[in-house]
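Heads up, the next two complexes both have subunit A, just with different partners, subunit B and then subunit C.
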Partner chain A sequence: MGRYLAHRILHSFVVIWGAATLVFLILHLSPGDPAVNLVGENATQEQFELVRRSLGLDLPLHERYFNYLTDLAAGDLGTSWFVGQPTVDMLLERLPDTIELTLVAALIGIPLAIGLGIVSAVFRRSGLDYMANIVALFGLSTPNFWLGVMLILLFAVELRWLPSMGRGPVFHEAIAAIFSGQIKPLADWASHIVLPAVTLGTFLMALVTRLTRTDILENLGRPYVKVARAKGASNWGVIYHHVLPNSLISVVTVIGLEVGSLLGGAVVTETVFAWPGMGRLLVESIQRRDYPVIQAGVLLTSFVFVFVNILIDLIYVYLDPRIRLK
Partner chain B sequence: MSTSSSKLGRGITRRNFVRTTGAIGASAIASNFLPGARSASAAEKEFDLFRVAMWSGMPNLDPDQNAIRTCLITQNWIFDPLVWRDKDSNELKPYLAEEYSFIGKNTWRFRIREGVKFHNGKPLTANSVKFSMERRMSEKMASPHRKTFLDIAEINVVNQYTVDFVCKNPFPMLPAYFPIFAIMEEGYYSENAKEHLALNPLGSGPFRLTEFKPDDILRVERNDDYWGMVPPIKKIEAPVVLEDATRVASLLAGDLHISPRPTIEDFPRINASGNAKVDVKIGNRIVLSAFNYAMEPFNNKKVRQALNYAVNQEEINEIYLKGSGEIMASALPSTVPGHHPGLKPYPYDPAMAKSLLKEAGFPNGFKTRIEVVPPWMVAGNEVTEALINYLREVGVQAEMQVYDAGTMGGRITSRKAGPMYMLSWGGNSTFDADSYLQALFGQGAWSCNDMPEIDELVAQGRATAVHEERVGIYQKACEIIHDEAPWVFLHLQPNTYGVSLDHDWKARPDEMIPLWYVNKTA
Partner chain C sequence: METGFARIWQEFRGNRLAQFGALFVTVLVVTVVFASEIAPHDPTKFHLPERNQPPVFLEGGDWVFPLGTDAHGRDVLSRIIYGARTSLGTAAAGVTIAVIVGVTLGLIAGYFGGVLDTLIMRFVDILLSIPLILLALLVIAVLGPKIINIILVMGAAGWIWHARIVRGNVLRIREEQFVLAAVNVGTSHFGIMRRHLLPNLLAPVLVTATMQIGFMVILESGLSFFGITGSSLSWGWDISAGRKYLGTAWWIASFPGFAIFFTVLSFNMIGDFLRDAIDPHSRHTPVG
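Now for the complex of A and B:
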């Protein structure tokens, strides 16, 4: 296990370096000029040149890349050209909001998906199965930006049950308020997060539903299920104790990949709901061409992705003791 | 010559100038700004919380570290400017400066209101004004506004509340730049690091900072010690909402009081909602399709004129702006002195367009490209597509190329944009002709044409502070521009807002959203 982890961590450095290099090249080789966004309408050509020089954009590409790697090696991810703050601080301030949204989306979506998948498989070709399939199909084929706006129109504009955008109190503050007898902050937190979480979790829910259904159906035909039934296990007992753990390997893989990509920035959902996460920060930075923030953001996303995948590998061992990591 | 009798120029004395720009404004302001406690009925009209969405990010609230419109808007809640544009007439009026005037010898004098305090309790004096301008002009600060003020040679504090700006030339547009010139507290802004100041603005304005999360949300609260009228709004929240549909939905859901830049398609829905309406005001932002003179065949005047005859501006305005725009005949909009009312827009005349193209040697038209950043203007995609369709009717096959703002800006400022490119221009809300002509023509940073005669007229306009003289110079420039047709002239775009019906804020020409005078009406 130890050797395996060391090997994976070493590999992850190569992946992260590759991502950092790729994004550096994409940013610096693509057309466009951050100076234009920095100096405003009345600037002169001379002023543009001054800003370009001060940002180091007049240096040859290899020099810029060398400086970037040197700073990176020294642990310096740079300072935002527009916000004037260290990019690490900016990203770490936004990351908890994205994690919070992703976790709530996963907590809403995954149990629902596994439940729907099981019901759908057990009651194959019944009305329940068809309904679950329709829900999954809807989730897979509905783009987030459309679903988000529709949810806002229904629950915020028409019914006026929920706020249309923004975020309420921070979760830990809402929980702390409960201990002082206040439930309103938690309600406020929940009312703000529910629509973006549902929007974000819908695709994940649909994907996991389909996958769970397929895997359970595949396992239901295996000999060990017949043995379990012959030993007198109940139908649900067979599903819960035998089929589900065997089906979860592929489901966990997909969940890992999807949650990893959501943590990397739920760009569309965060933009539609004005959620202050990392995805929206990256969108704004890309629009302004704030290179240091974009580079640091991609680096952090790569790190999160690699970390989540290592975590998933470890979960495999727990789910299936036959798997050994070498 | 004593300053009191010094001449502004032919026929205008300092006394007259002050009388018209300063004293009248000051008395008008005094009637609105008398400090004192709010009456019981006024308290009933107070907003506990007022919410305004920002349509793009607010990365930084140090007035010398950004030139972004959303930042300019919100900074004006926290900082006071020396002069301000009147909410009804849009004329420049004294604000922190009780009066101002051109006193000759290339010098502008500002007399500062007494008794004004910054949010940290320190007094605002002429020294604060001097410090703020020196900071803005310093090379070390590298402010995006620096270049605008490089014609200022020195800043002299005459006494505690009087400051002189001695310029290298009359610098007639100086006051026009001052509505976005924030006055800062010297101690605070010289002792703290740039990183801190970016997030923690401190001014003397009607609202003081409570929380700022860059690109996410700004929260301010009323400054109860404000020198002027205490605002009827206790707190303001300004969340950044990038998505157009969300901004409109939030307005309709009652989560916003002002929702800037709704799309034209949403106008009927907002007006029919019963709790909000669309407020439209013609402003300063012109929309045009420019030609790059370095690219064939747009070095040919007849081709440029032909394309102006080929496009039906009226129809574009009717269809895509619901008639809310104003058709342009030349470079300056009707809201800017120097606009030439005698010039008529090119009429829609495809036959004339074909005839001119034939004379220019293109009887069968030609192929070209129009580059566009759609968010730069209202209905950017649709207007560009309409333009392409009109050009096709006269044989010009144009393809559309969409860019993001950073890329497009780089293409224009390096003179590689085009052969045609869409552009909108607001002149930094100065409503001064110089802001348009110096940037968009000749050697201007945003120009891809070759018009040295306009550069010459810009220089002439800067050499005099006599208003009428400047108007004459700029009208002459407009005549040349109309004839040379360096753009397909399109329209003056309105500023659009969705506003809830429970307050009396009205859209302004200058694209700003001041809120200190907003009353609750329902």
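Now for the complex of A and C:
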């Protein structure tokens, strides 16, 4: 277990280093000089050179890369060219909002998906199964930015039930308010997060529904199910005690691999709903070519992806005692 | 794959969803090719007196602009027809590159193994850890908003789908009798790949490629939605532009979205069908 973890963590470092290098190369090998954006079109040659030198853009590529890596190793993720703030502070200020949105999306989507998948598999070829399949197929085929716009059209513009953008109070403040007897902050929080969370979670929900269904059907044909039935386990008993623990393993794997697309979805969703998360910050930074923020942002995204997948490996051991990590 | 094509055709005749998908994609391809003949209007022409005109089934609509007009009086239907060119063309080109690169690298990784395999699969892991839309936004911001750059991003990032599938299949096929026999009689590496491995990879790659086209249509629309593809004649761009008029002219943002939805749905249904028809294991799922 210890050796396995050490190996995994080493591998993770390789992946994160690779992602950092890839982004560095894309940014620094591309034509055009980002200093132009900083000094503006009308700057003199001297001003332009001054900015380039102060940002280290006049150095040869390998020296820039070396500087970048040594700074990184020292824990310095750079300073934003436009805001002048350390990129870490900017990103960490926005990260909780993105995590909150992603978590709520997953918490709405995944349980619903597993439920739909179970019902769909147990009542195979019934009307329920048919409906669950259609829901999943539709979910996989709907672009999230359009879904977001349509939800705004329906619930904010036409029905006027929910706000179309922005966020309500912070979650922990809303919870704290409950203890002082106020329910309104929590309702306000929920009304702001429900549309973006549904927008973000739909794709994952559809994917997991399908997967759960296929996996349960596959497991139902295995000998251990026959044994359980022979021993007199009820239909739902077989599902709950025998099949589901097995199926959850493949579900958890897919969720791990989908963390990337979930974070990508957050970029889009945050833009549609003006949600003040990391995704929106990255889109803004990309638009004004703020290299340090982009580099740090991609690094952080890659780190989150890798970290969640290590976590999932550990969940395996819990879900399936037969798996011994080595 | 007992009788190959004949059996797949038999399956197809019994599968309503696949038929719908194939029909829609056919219509779409015809639309893309004959856009200028089919579209009732020039998609970029302003009809200012008729701006924000509702679709024909609403009060104030007429058959001149069946799906209504946008804020500048441009015909929504014609824009959808021309937008299909951008979205589908970009996606198809991107997937083609992705398939070529992915199959090649997947073959190399699975067949030769060793350092090459490790290198290629590490690169897959790295690309997997960066959300595709983020990578695409980044590359477009740096290389400029041109359709060719979007196609390149799709190819440069999309190959990992095919490489993983191909590698897995090669690892399996490599150990089969007919490949081992070919090795024994001294067939070259290239010969083995071309004659023995590639034909067996066609089916799984076809399934992944079909699914990927739908995925890339969504990516292209997403990038157009951000307004950075260099083309304003795209489904995503129209959805973004229509957002401002949700309260007054909902059709501007809604109809292009349905076009994306049905396109992706069709490719998904064809992909599902192909997967089930080609791989008998996933079809005859045993039931309790």
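Here, the second predicted complex is superposed on the first by the 306 of 326 C-alpha atoms of A that agree within 3 Å, B and C clash if a C-alpha of one lies under 4 Å from a C-alpha of the other, contacts with A are read in each partner's own complex, and residues count from 1 in each chain.
Assume contacts are C-beta pairs under 8 Å (C-beta built on N, C-alpha and C of every residue); 3 or more make two chains touch, one makes a residue touch a chain.
Given the structure is predicted, the values throughout are model-derived calculations rather than measurements.
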item: Partner chain in contact with A:Arg160 - subunit B first, subunit C second, else both or neither; value: first
item: First, second, both or neither for A:Gln47, with subunit B first and subunit C second; value: first
item: Touching partner for A:Ala296 - first (subunit B), second (subunit C), both, neither; value: neither
item: Partner chain in contact with A:Val14 - subunit B first, subunit C second, else both or neither; value: second
item: Subunit B versus subunit C as contact partner of A:Phe305, first or second or both or neither; value: second
item: Subunit B versus subunit C as contact partner of A:Leu27, first or second or both or neither; value: second
item: Which superposed partner A:Val267 touches (first subunit B, second subunit C, both, neither); value: second
item: Which of subunit B and subunit C A:Val119 touches, first, second, both or neither; value: neither
item: Partner chain(s) touched by A:Thr142 [first = subunit B, second = subunit C, both, neither]; value: second
item: On subunit A, positions contacted by subunit B and by subunit C; value: 30-32, 145, 149, 152-153, 157, 271, 283, 287, 289
item: Subunit A residues within the subunit C interface of the complex; value: 11, 14-16, 18-19, 22-23, 26-27, 30-32, 124, 137-138, 140-143, 145-146, 149-150, 152-153, 157, 214, 217-218, 220-221, 225, 229, 238, 257, 260-261, 263-265, 267-268, 271, 282-283, 286-287, 289, 294, 297-298, 301-302, 305-306
item: Partner subunit A, residues of subunit C touching it in the complex; value: 122-123, 125-134, 137-139, 141-143, 214, 218, 221-222, 225-226, 236, 239-240, 242-243, 246-247, 250, 253-254, 256-257, 260-262, 264-265, 268-269, 272, 282, 285-288
item: Subunit A residues within the subunit B interface of the complex; value: 30-48, 50-51, 54, 79-80, 82-86, 90, 93, 145, 148-149, 152-153, 156-157, 160, 163-166, 271-274, 276, 280-281, 283-284, 287-290
item: Complex contact set, residues of subunit B against subunit A; value: 56-57, 59-60, 62, 65-68, 142, 144-148, 194-195, 198-199, 213-217, 239-243, 245-246, 249-250, 252-255, 404-407, 409-411, 413-414, 425-428, 435, 438-439, 443-446
